[in-house]
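Below is one structure; the comments refer to it alone.
The chains carry the letters A, B, C, D, E and F, assigned in the order they are written, with residues numbered from 1 in each.
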Amino acid sequence: MGKTERVVYFNGKFVNESDARISIYDSALMFGDMVFEMTRSFNKKQFKLEEHIDRLFKGLKILEINPNLDEKELLNICEKVQEINEPLFDENDEHRLMINVSRGPLGIYGGLVSGLISEPTVVVADFPLKWTVVGMSKFYKTGINCVIPSQRAIPSYLMDPKIKNRSRMWYQMANIEISKLNGENNWPLLLDTDGYIAEGTGNNFFIIKNDVIFTPEPRNILRGTRRDYIFSLAEEIGLKCIEKNIEPYDVYDADEAFVTGTPFCILPVTSFQFKSIGKGSYGEITKSLLLKWSENVGVDIEKQIKEFNLEHNLSLNASTPYQHKSHK
Amino acid sequence: MGKTERVVYFNGKFVNESDARISIYDSALMFGDMVFEMTRSFNKKQFKLEEHIDRLFKGLKILEINPNLDEKELLNICEKVQEINEPLFDENDEHRLMINVSRGPLGIYGGLVSGLISEPTVVVADFPLKWTVVGMSKFYKTGINCVIPSQRAIPSYLMDPKIKNRSRMWYQMANIEISKLNGENNWPLLLDTDGYIAEGTGNNFFIIKNDVIFTPEPRNILRGTRRDYIFSLAEEIGLKCIEKNIEPYDVYDADEAFVTGTPFCILPVTSFQFKSIGKGSYGEITKSLLLKWSENVGVDIEKQIKEFNLEHNLSLNASTPYQHKSHK
Amino acid sequence: MGKTERVVYFNGKFVNESDARISIYDSALMFGDMVFEMTRSFNKKQFKLEEHIDRLFKGLKILEINPNLDEKELLNICEKVQEINEPLFDENDEHRLMINVSRGPLGIYGGLVSGLISEPTVVVADFPLKWTVVGMSKFYKTGINCVIPSQRAIPSYLMDPKIKNRSRMWYQMANIEISKLNGENNWPLLLDTDGYIAEGTGNNFFIIKNDVIFTPEPRNILRGTRRDYIFSLAEEIGLKCIEKNIEPYDVYDADEAFVTGTPFCILPVTSFQFKSIGKGSYGEITKSLLLKWSENVGVDIEKQIKEFNLEHNLSLNASTPYQHKSHK
Amino acid sequence: MGKTERVVYFNGKFVNESDARISIYDSALMFGDMVFEMTRSFNKKQFKLEEHIDRLFKGLKILEINPNLDEKELLNICEKVQEINEPLFDENDEHRLMINVSRGPLGIYGGLVSGLISEPTVVVADFPLKWTVVGMSKFYKTGINCVIPSQRAIPSYLMDPKIKNRSRMWYQMANIEISKLNGENNWPLLLDTDGYIAEGTGNNFFIIKNDVIFTPEPRNILRGTRRDYIFSLAEEIGLKCIEKNIEPYDVYDADEAFVTGTPFCILPVTSFQFKSIGKGSYGEITKSLLLKWSENVGVDIEKQIKEFNLEHNLSLNASTPYQHKSHK
Amino acid sequence: MGKTERVVYFNGKFVNESDARISIYDSALMFGDMVFEMTRSFNKKQFKLEEHIDRLFKGLKILEINPNLDEKELLNICEKVQEINEPLFDENDEHRLMINVSRGPLGIYGGLVSGLISEPTVVVADFPLKWTVVGMSKFYKTGINCVIPSQRAIPSYLMDPKIKNRSRMWYQMANIEISKLNGENNWPLLLDTDGYIAEGTGNNFFIIKNDVIFTPEPRNILRGTRRDYIFSLAEEIGLKCIEKNIEPYDVYDADEAFVTGTPFCILPVTSFQFKSIGKGSYGEITKSLLLKWSENVGVDIEKQIKEFNLEHNLSLNASTPYQHKSHK
Amino acid sequence: MGKTERVVYFNGKFVNESDARISIYDSALMFGDMVFEMTRSFNKKQFKLEEHIDRLFKGLKILEINPNLDEKELLNICEKVQEINEPLFDENDEHRLMINVSRGPLGIYGGLVSGLISEPTVVVADFPLKWTVVGMSKFYKTGINCVIPSQRAIPSYLMDPKIKNRSRMWYQMANIEISKLNGENNWPLLLDTDGYIAEGTGNNFFIIKNDVIFTPEPRNILRGTRRDYIFSLAEEIGLKCIEKNIEPYDVYDADEAFVTGTPFCILPVTSFQFKSIGKGSYGEITKSLLLKWSENVGVDIEKQIKEFNLEHNLSLNASTPYQHKSHK
């Protein structure tokens, strides 16, 4: 008899997804003291998984968390999880892995609470990509309107966003602000405390001006794996991609703009603060980048997302990358 | 038949402590998007529980999380949890409650993962106080040496510490820094970005100069319930307690200093940056405050902590309020 | 024969309002280099006119503009303008004076452009109060929802808002941001760069907590004449009004809130960032303050504004104190 | 019959210059809420007029002001104004256009004040260049001494100087400070709040070191059209011009320095904070740049300014680009 | 035979003043790593000497310099030095002591350079007060004009001015700036980086408004012993003296202003940034404070300084408290 | 008869080293108002002496100190001092010159204190290099562990570190902090106030990543002569050296790291904040740079330092570049 529930790797075991729960005494819940990665596959093959795991280990080193396994072992676990779960995935769906590593239950609780030991917690989950992206297909038509919230990005010298960590309450505060605006396609785009564009709450931002692609300096942002990939895609289509401090003025003055994120790859940004960018439509260079990406991975990324849309019936509040559910 | 494991209130049910685990798809784990309280009892009676719950609800309001119960209901749950668990507590131990409320599983996962619904997660746990304080009895002899780490407190306009939230990775980074210093009694004391004393990583700071008690302005700190209580204790012993911006210079120049925290109430700070404060010993006014507190609650707080120490054999790394376990 | 158009004092003459225009070569237009005051009457008698003029002269001193007349002379001019125009005002209307003093035409143009001399420009206009307040009567029912825009108040050490000057483009930028929000009663409330509440774009902000009235320290704000008056009103009704750094957290935690402005005096603020303040309705103490004010000046301020409303038919975009007309 | 007074384009009409006045109810005067450009001709031909107009429209877009005409129409108006006024200009003089666009009379006044409608105000004036530059010829001999005032440039995230706007009271405050210094050739050079050189109060700044030209990054400055032109001039004479954060130390260490501004094009800066730059005289590369410029436009720029000087008798306070007239 | 040269206490010995020289290998010269005090007598009796010495020892503690003597011993040395030198002082002159304590010769040099040991350097010098104050008598007539230089006070969290240390190059940079201004009575008054008034380069600043005396909060300033004394003087004449953040606007708006410094006690400030404070003359309350001070110490302080002036013929550049000699 | 004590050039004379002492009335001691250079020889030949002197004169110009001699004259003095002292140096030792120039005795003391004139003080000392480096040989084995102290680098706009000045108390405060850490090889590495790596307390910092060498932008650091030399060394071994803002994250992520300083040239940094950099050992590229340097100057730099070690018996506290001697 086949499995009827996806499994999750959890500290050496494969457990049912509904049992993939972390103790309330874990440092992850006490301090947001957890490093993580979220990936996706193309045609069931994980993309840039080594880069994800490499970034994860950098964060762990800085936080002095030793996961008791090495990069290669973690990679194998990821592949194993996907392999076990594949029978439960639709044929045309993709695997979205979530890797979590925390410092584990705090020392004072380990050994005292039944079953808890003070060792790092390592989790690898695997769920359908379409959950995340199904609400986004419409943005290929409307484009996104990026809006600057009052909330500023926390500067890296206070808490480094380059460590992909879980102390992100401020992302939710930015999301809440933007939810009050007129319109359906508003996404927050945070300024840092110097007034430069930093990032969205889960995506990286790019502008194009005179056929050159610009993206913020890699300081007060997560250095996304998709962000990194744009540099090589740009080269493939014969353009330069340059890291630069970007001000709101530069966005108003851009020809095109887009965001990148692991699940959707690229989405066009057609307005900024409710004012059109360039012609106000899905830009030609943005399209070329996504097309090239699709070619490289053998998946028509935009089409795949749109088709997910056809067969599903999810709530509309799945329209921001990491939406919140607020109760007034 | 008696219970053999403590229970935890978890979304309407009482579950075993070892089952008190939060889904990896919960906003608490995704974003550190959880508000919490930790309390203690004196002689088995919860202290300032209403104040704790009131503070919790302020945080929930700001984060737009609706816990689907009101303050009174939560209070009742707290009392119920303690009542159920009491038979499993030592006679001379106290109840430490931990109340957690998160936004719950993210909207895109609710309904898709077995058993998950996109409703707020509400947890009330109850564990022995002695776990937390047993390593601290020695500090009544040595006092604490407060040291300023390089890590600065995140200012409230970026992420408000007055919301008692779980996005505290930066606390752990401060703890790691201090763990590298010579000596056994070093606790981090964070400066804010203006160079004023803010707070420890889980405690509030006070100095005494010329018989006046001073504590930092309630801006870039958690406004601790114990901190609040010092104002009335001070009045009871005939002294003033004043909120003021405090600079390192003022600490060097103080007559006495102490920290407050829920589990230990008051601990003396006898040196700052490895330089003696006042006479370098447990100060007389500090003692008077703790004595008064003990009288008010009918428990000799210092003695209780020291006696916990005699009957237990816990690891020494329980010497900081929220210690970390680092692996090099 | 009666006048059919209001007059404006303009550099020593009384000219028709439609001729009250300032040369494009004036420093006022070149640099926003103009100091101003806007007043109102109660029962046709100017309120706090001396205070307005005193504040004006402070600004002129700092900017080294010599208006070639003294405070007394300016006062007389104000009274004269009102006297001339009174026949053109409705019986139940009030006089809103606008006093402008600029450095005058720049030195390089004076003497070259026909009719221009490089002397300060002094203007006193007088128009019906109802123009400004007619759209505001509804806020006594709904209250205002104060929202923090991304735009921060310019700190006083860069350009001092205490000089009531005309370099206020940033007010308009805040107004534009807020105009994108859902709802009809959103007003911007600016944070300063330290994250404290500063002011609205043309009004001062107050909260009430436990029967004490608080308002931001008089640093990064215009020190409004109405703001000053609240201190004495508070005393009259037996309350204290205290200047304090106010954070967003304090506003969420307040019992009541209100704004003050010259034309409307007091308007209730019933929510902050779309979350209710206190009971979410027009607060009792706020009402008492406005009632006392009405008594003191012999005008039922709220009623007067509501009655203006009945007999007029102005466009709804008169709903913010200094609304903008934007074209998308 | 010949005109005896220059005309100004004013909202669709050509009016006499002395009638080119803006209503006191205009947003330009209320908020400094006006975008502008100032140009000059060479041999009666406007220079870089398209660039000026392009910059103007960027500012209008950000401020959400719709001038009700497009770039081409505005260009035609500019040419028309110059054509009408030319008969009133000296043969050897040049046309200095001033284009102003404001949001227009505030909504609450439009329709109420006689003749006012709430539509944007568009003005194109045209006056002799010599007014502005006649006092500057001496600086080709003495050079300018740039001095850092206490006043800092307002950073772009608070009010963007790249929008050429009229909220510039702080320029006047810097001008006033510098007027107190010993000497006749002191010009303010503002630092931004990071301590980098920003700009003068109406001019851009350059240094030359080892045959490379440097100018501040285009962040906290107006991106001057003359500044832009230096990049191509530099290329023409075989040098590189690079945008870089410039500190005071770099200016002390420079070989040459100069400022650019629309009316005078280039003026040599021979000292900084009263200490010589390089040899303390009009630098060779600076001269070459101005020479090249003169060649390109067919006007000996320096000579023209000096000859203006001979035939005029203007007051000496025309010695700063935007001088103020202060009364003590 | 009488001494013909003043002596200086130097590491346990009394040496001739001309031999009071510190090794170039001393930490004082290497790092500005020296704490100091400068005092004065009234009628040959040292004023507030204990307070001076107490402040010195606070600084030494923070810098971890152990002078190998205690406060009482240092006091005795001071008295001894004055006693020895008294015969060389004019009858009507006063003793100005300078106490210097440095970390001493750096460890790597001690023992290697002949005569050097790596022990702290302790120096007490004693010279005529009139040297310092003789150029200041004129300021009782003209008053001082305080001017804000571009140089900002270094905030205490970067280098604490409350430690009276010798790393003061930035004082000299402020002095140099102010020396370029028109006029003979300009003294620098530094803003801190928040834009508040901090202090002069060797004096504390006060304003008076509505019979209340205000002085900056004791944060980014040296907490002068004379500053402290004003609080008790104020009480003696029935006024309040309050510590407050003071902005330039408050100074423009003040009734009176003055500075305090050890040698001259009080000097009136009659203008600020070249604009009159109050009536622009030596204020009545300022006078009362100095009069009270004179009574308390039995010396007519103003008269004494003026009489010094009559019998001396010192260079005029002694007109700032710590003047510099610059060579252009 | 041979000299038995080294001489020092002191204001035109050669005096014995033990007499090279600076008056307590000198501006150097009063304000840390002194500019300096420290050099070294290779095989008795001074290295980059012109660059050192050039940097010295830049600082003097900014501080408006005129040393009354030119760069060539100072160079000759340096050579003369070395020539006189050479007989007293070991054959295998090197000459470390220290050049000090201060503003000299303050104006009010000059002429009054016996032998003092208010002219700049110019000193050139010459002492054995081995004093400084003898304690460092061990670091070629262990490498240095760079640690970020709480003390931040003072930003250049408050006091410019590019002027090699003596107001460096804050260096000592950083040194004191680091002295409290576990371990023998901890050196402070300061962040600037933007959170970027600045410099050590007397050395410049470099990282290597993917065969490219990076060093902080030359803003909040001393631009070391050895730092400059790395750029040409890098070129000689075929690598690029790039100035860039470096964050702690970049250091954790580096392959190698090293510091440069005049006496030791290059020392390997093998860990950062107690976490290994790269392989945690003396990096290959770092070695190549030092090897190339050794070739260029004809001295095996590492070997020379290690051999100094063999023949000396100095105290271990000579282990930081500018160690302090603290007394607790």
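Basically, a contact is a pair of C-beta atoms (placed from the backbone, for glycine too) under 8 Å apart; a residue touches a chain by one contact, two chains touch by 3 or more.
Please read these numbers as outputs of a predicted model, since none were measured by experiment.
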Set of chains adjacent to subunit C and to subunit D: A, E
Chain at maximum distance from subunit C, centres defined as averaged CA atoms: F
Pair sharing more residue contacts (C-beta pairs) when B-F is set against E-F: E-F
Taking each chain's C-alpha mean as its centre, the one farthest from subunit B: D
Same-site or different-site touching of subunit D by its copy subunit F, using the half cut: different
Centroid spacing, where centroids are CA-atom means, of subunit B and subunit E in whole angstrom: 46
For subunit B paired with subunit C, centre-to-centre distance based on mean C-alpha positions, whole Å: 46
Intercentroid distance (Cα basis), subunit D paired with subunit B, Å: 59
Rounded Å distance between subunit A and subunit B, as computed from the means of their C-alpha atoms: 33
Where subunit C touches two or more other chains at once, by residue number: 64, 157-158, 163, 191, 275, 328
Topology of the chain contact graph, where touching chains are joined (line, ring, star, complete, other): other
Touching chain combinations (by label order): A-B, A-C, A-D, A-F, B-C, B-E, B-F, C-D, C-E, D-E, D-F, E-F
For the subunit D and subunit A complex, residues of the former touching the latter: 58, 61-62, 64, 155-158, 160, 162-163, 217, 219
Interface residues, subunit F side, partner subunit B - complex: 147-150, 177, 180-182, 191, 273-275, 328
Contact set on subunit C toward subunit D in their complex: 5, 8, 16-18, 20-24, 27-34, 63-66, 98, 100, 103-104, 106-109, 112-116, 118, 120, 123, 125, 127-128, 131-132, 135, 151-152, 154, 157-159, 163, 165-173, 176, 193, 314-315, 317-318, 322-328
In the complex, subunit C residues that touch subunit B: 191, 194-195, 245, 247-249, 252-253, 275
